[in-house]
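Okay, so subunit A shows up in both of these, paired with subunit B first and subunit C after.
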Partner chain A sequence: MSASEGSSGGGTVEYIQHHLTNLCVGDCDPVTHKAASFWALHLDTVFFSYALAALIIIVSWRLGRSLQTDVPSGFQNFVESILDFVAQQVRDTFPGKNPLIAPLALTIFLWVWLMNFMDLIPVDLLPLLASFLGIGYLKVVPTTDLSTTMAMSLTVFALILYYNIKTKGLIGYGKMFLFHPFGKFVIPINIVMTAIEELAKPLSLGLRLFGNMFAGELVFLLIALIGGSAAIGFGLLLVVPLQVVLDLAWLIFHILVITLQAFIFMVLTIVYLGMATTSDH
Partner chain B sequence: MNITVTLLAQVIAFVVLIYFVNKVLWKPLTDMMDARQKKIADGLAAAEKGIKDQELAEKKALDVIGEAKKQAAEIVGLAQKRSSEIVDDAKNSAKSEAEKIVHAANTEIEQELNRAKEQLRKDVSAVAVAGASKILKKEINANEHADLLKDLAAQI
Partner chain C sequence: MAGAEKPNLMLISVGTILTSMILAGFLLGFFVDSLFQTTPIFLLSFGFLGILGGILKAYKLLTDPELN
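Take a look at the complex of A and B:
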């Protein structure tokens, strides 16, 4: 992002909007750069999320080739402790055994954490580098794109539906809509309530992560504006240290936030799937 | 929010990533950790078994030593008995042998004496016949005077 837009007072909104616009290719609105139809690809979101996914696979693959059974080295210890942590969460919250849940939870935790981590890279750094390559828009945090968070939550929702039907049967699952939570006398209310309850699961999953990361990114942008909006001169002496201190504070706090959000997404996935695989409802 | 190809791309990425995380990270590491757990458990069990085996072996060794001591004492006792028996036997056989030798010697002496006596008798009769014939200047027929000679020999 170029500095000229941040220097004027009216550029503030423009600066923020510019930062929050995806690099859209395909069928996009030429003015707002928002997706206009199904055939619009957010190239930045896809690029960074795929790159981070590839990073996970490559690092795992390299680690897998040098596994030490007897005396694990430093990095293997670290990964093992993450695995143990995830496995413990699954043991605590998921009833029964399922070979898919733990790898799913681990994938969510690692991928979401890494995508959230992109938030800690200085907000202007990557867009500035991209602008040298002629790329006008770049949103580096894939989890600030609803497409990413909803993609994950909808996949989880599909699994919820699958396990519900697998465990309870199509009729059993249908009965849950009819007779839950108020018994057999208020079936219409039950249908509405259960439908809301089921739909709230993917929505809350996807929107919570999106909202948190979007807000975090916004705060970083606002902090970045403190220095950017000050005129060159005396004001910088006061404003630049303030920006550095605030940025550092939010950065440290945000490490907690990104970890917590990845953890919440993982745990809620385990809980929802645990509910889906229990037959007594 | 529009449903776009981005959403689809992210769903595909998510599913593929789950597959790969399971394949290259979760499976190998949990398998390895399970193997390690088993190895440790086996090691501890082996150590426990080793300690128990050692205790048993010590007990057995003590038993064997006790048995050996008992056997050794028995053997020593038997040997002592046997040796005294041998000594007694030797004594007895020596004594009887000596008696036998003495007896044989006595018998021989007696036989020799008798033989000498017999010879003497014969000689005496011969001498008597010779003496008498000299005195009578006449041949004496030994057969005619056999009874006389026999009496004479018996008197010696």
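Take a look at the complex of A and C:
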């Protein structure tokens, strides 16, 4: 959790920039290592998000094989309580019945939570290990990458469109655009306003998660810099305890933040899909 | 229960809904402008509508959450 490589690498700004740069392959800018066009891939984001998805699949597969009905084990109890919690949220907010919503909500909750959880791993640990393998840039938290959060929210948006058209029909959905905020006299403005409102749903979903996680990661980096930027000597006696206390405090607070963000993403998905499947707006 | 849960959860997102509606307005305007080569017209008018709609939506959510 030290910033030693930052101070040797040329200052705090470089340290932060280095940590906030993805491992980009494909069409990337050679200087900034940022994606230069659509045809670039953030390899670290893809790797960590797929690895965490694989973790969910493997753990639930193993648990599914060893289910006990009489005396469930501690872990089974824990998973059942998460399942109950998500199912309760779906029952409370989703009108009617739909076999897709509860599994979708559970997947979103677990996956987003695990991706957010990568934030709690010491910021320098995995990039340092990767640098031994010759990987220069590594951003370990997939949800601090706008690509991940917007991909998830656009998937939800596609489902919103699908269910809107399925329940209301193409004409019924079109009618919603015509008469929604201001009545029948200003139809062009209504169309634009409703389009903006619909477009704002995926935008707010994706940007909220990205913003919260990015800011959290940045605070971890700044705390890590406290120790790294101090000179070796007497000052460390003051600075190192400060860093430890601040890091612990932010870590504990951040457990709340990552859970809350995963929860909000899940609940808003349920709410939006619930709005899409009710016929009267 | 459903009526009591939904508005509370929607209220969490009032702030982001306001900002993202403004953003959505400008984005939509930018897209329409690049489609028809009329650069500032739709960007500004849709942006204004986004600001208006965002404020309206936030006001509606805060004063009458049942309706949303």
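Here is the rule we use: the second predicted complex is superposed on the first by the 273 of 281 C-alpha atoms of A that agree within 3 Å, B and C clash if a C-alpha of one lies under 4 Å from a C-alpha of the other, contacts with A are read in each partner's own complex, and residues count from 1 in each chain.
Definition applied: a contact is a pair of C-beta atoms (placed from the backbone, for glycine too) under 8 Å apart; a residue touches a chain by one contact, two chains touch by 3 or more.
Note that the structure is predicted; figures quoted are calculated from it, not measured.
Asks: Could you classify subunit B and subunit C on subunit A, in the superposed arrangement, as clash or fit?
Replies: On the shared subunit A, the partners fit.
Asks: A:Asp29 contacts which: subunit B (first), subunit C (second), both, neither?
Replies: neither
Asks: Identify the partner contact of A:Glu14: answer first if only subunit B is touched, second if only subunit C is, both if each is, neither if none is.
Replies: Touch status of A:Glu14: no partner.
Asks: With the two structures laid over each other on chain A, which partner does A:Thr93 touch: subunit B (first), subunit C (second), both, or neither?
Replies: It touches subunit C, and subunit B stays clear.
Asks: Just to be sure I read the superposition right, which of the two partners does A:Ile189 touch: subunit B = first, subunit C = second, or both, or neither?
Replies: second
Asks: Return the chain, subunit B or subunit C, that is in touch with more residues of subunit A.
Replies: Touching more of subunit A: B.
Asks: How many Å separate the nearest C-alpha atoms of subunit B and subunit C in the overlaid structures?
Replies: Scanning every C-alpha pair, the shortest subunit B to subunit C distance is 13 Å.
Asks: Looking at the complex, which residues from subunit B come into contact with subunit A?
Replies: Subunit B reaches subunit A through residues 1-11, 13-18, 20-22, 24-30, 32-33, 35-36, 39.
Asks: Please name which positions on subunit A make contact with subunit B in the complex.
Replies: So the residues of subunit A in touch with subunit B come to 26, 34-42, 45-46, 49-50, 53, 56-57, 60-61, 63-64, 67, 69-70, 79-80, 83, 87, 100, 102-104, 106-107, 110-111, 142, 145-148, 150-152, 154-155.
Asks: For the complex, give me every residue of subunit A touching subunit C.
Replies: Those residues of subunit A that touch subunit C are 92-93, 95, 181, 189, 192-193, 195-197, 199-200, 203-204, 207-208, 264, 267-268, 271.
Asks: For a test of understanding, state which residues of subunit C touch subunit A in their complex under the given definition.
Replies: Spelled out, the residues of subunit C in touch with subunit A are 1-2, 5-6, 9-10, 12-13, 16-17, 19-21, 23-25, 27-28, 46, 49-50, 52-54, 56-57.
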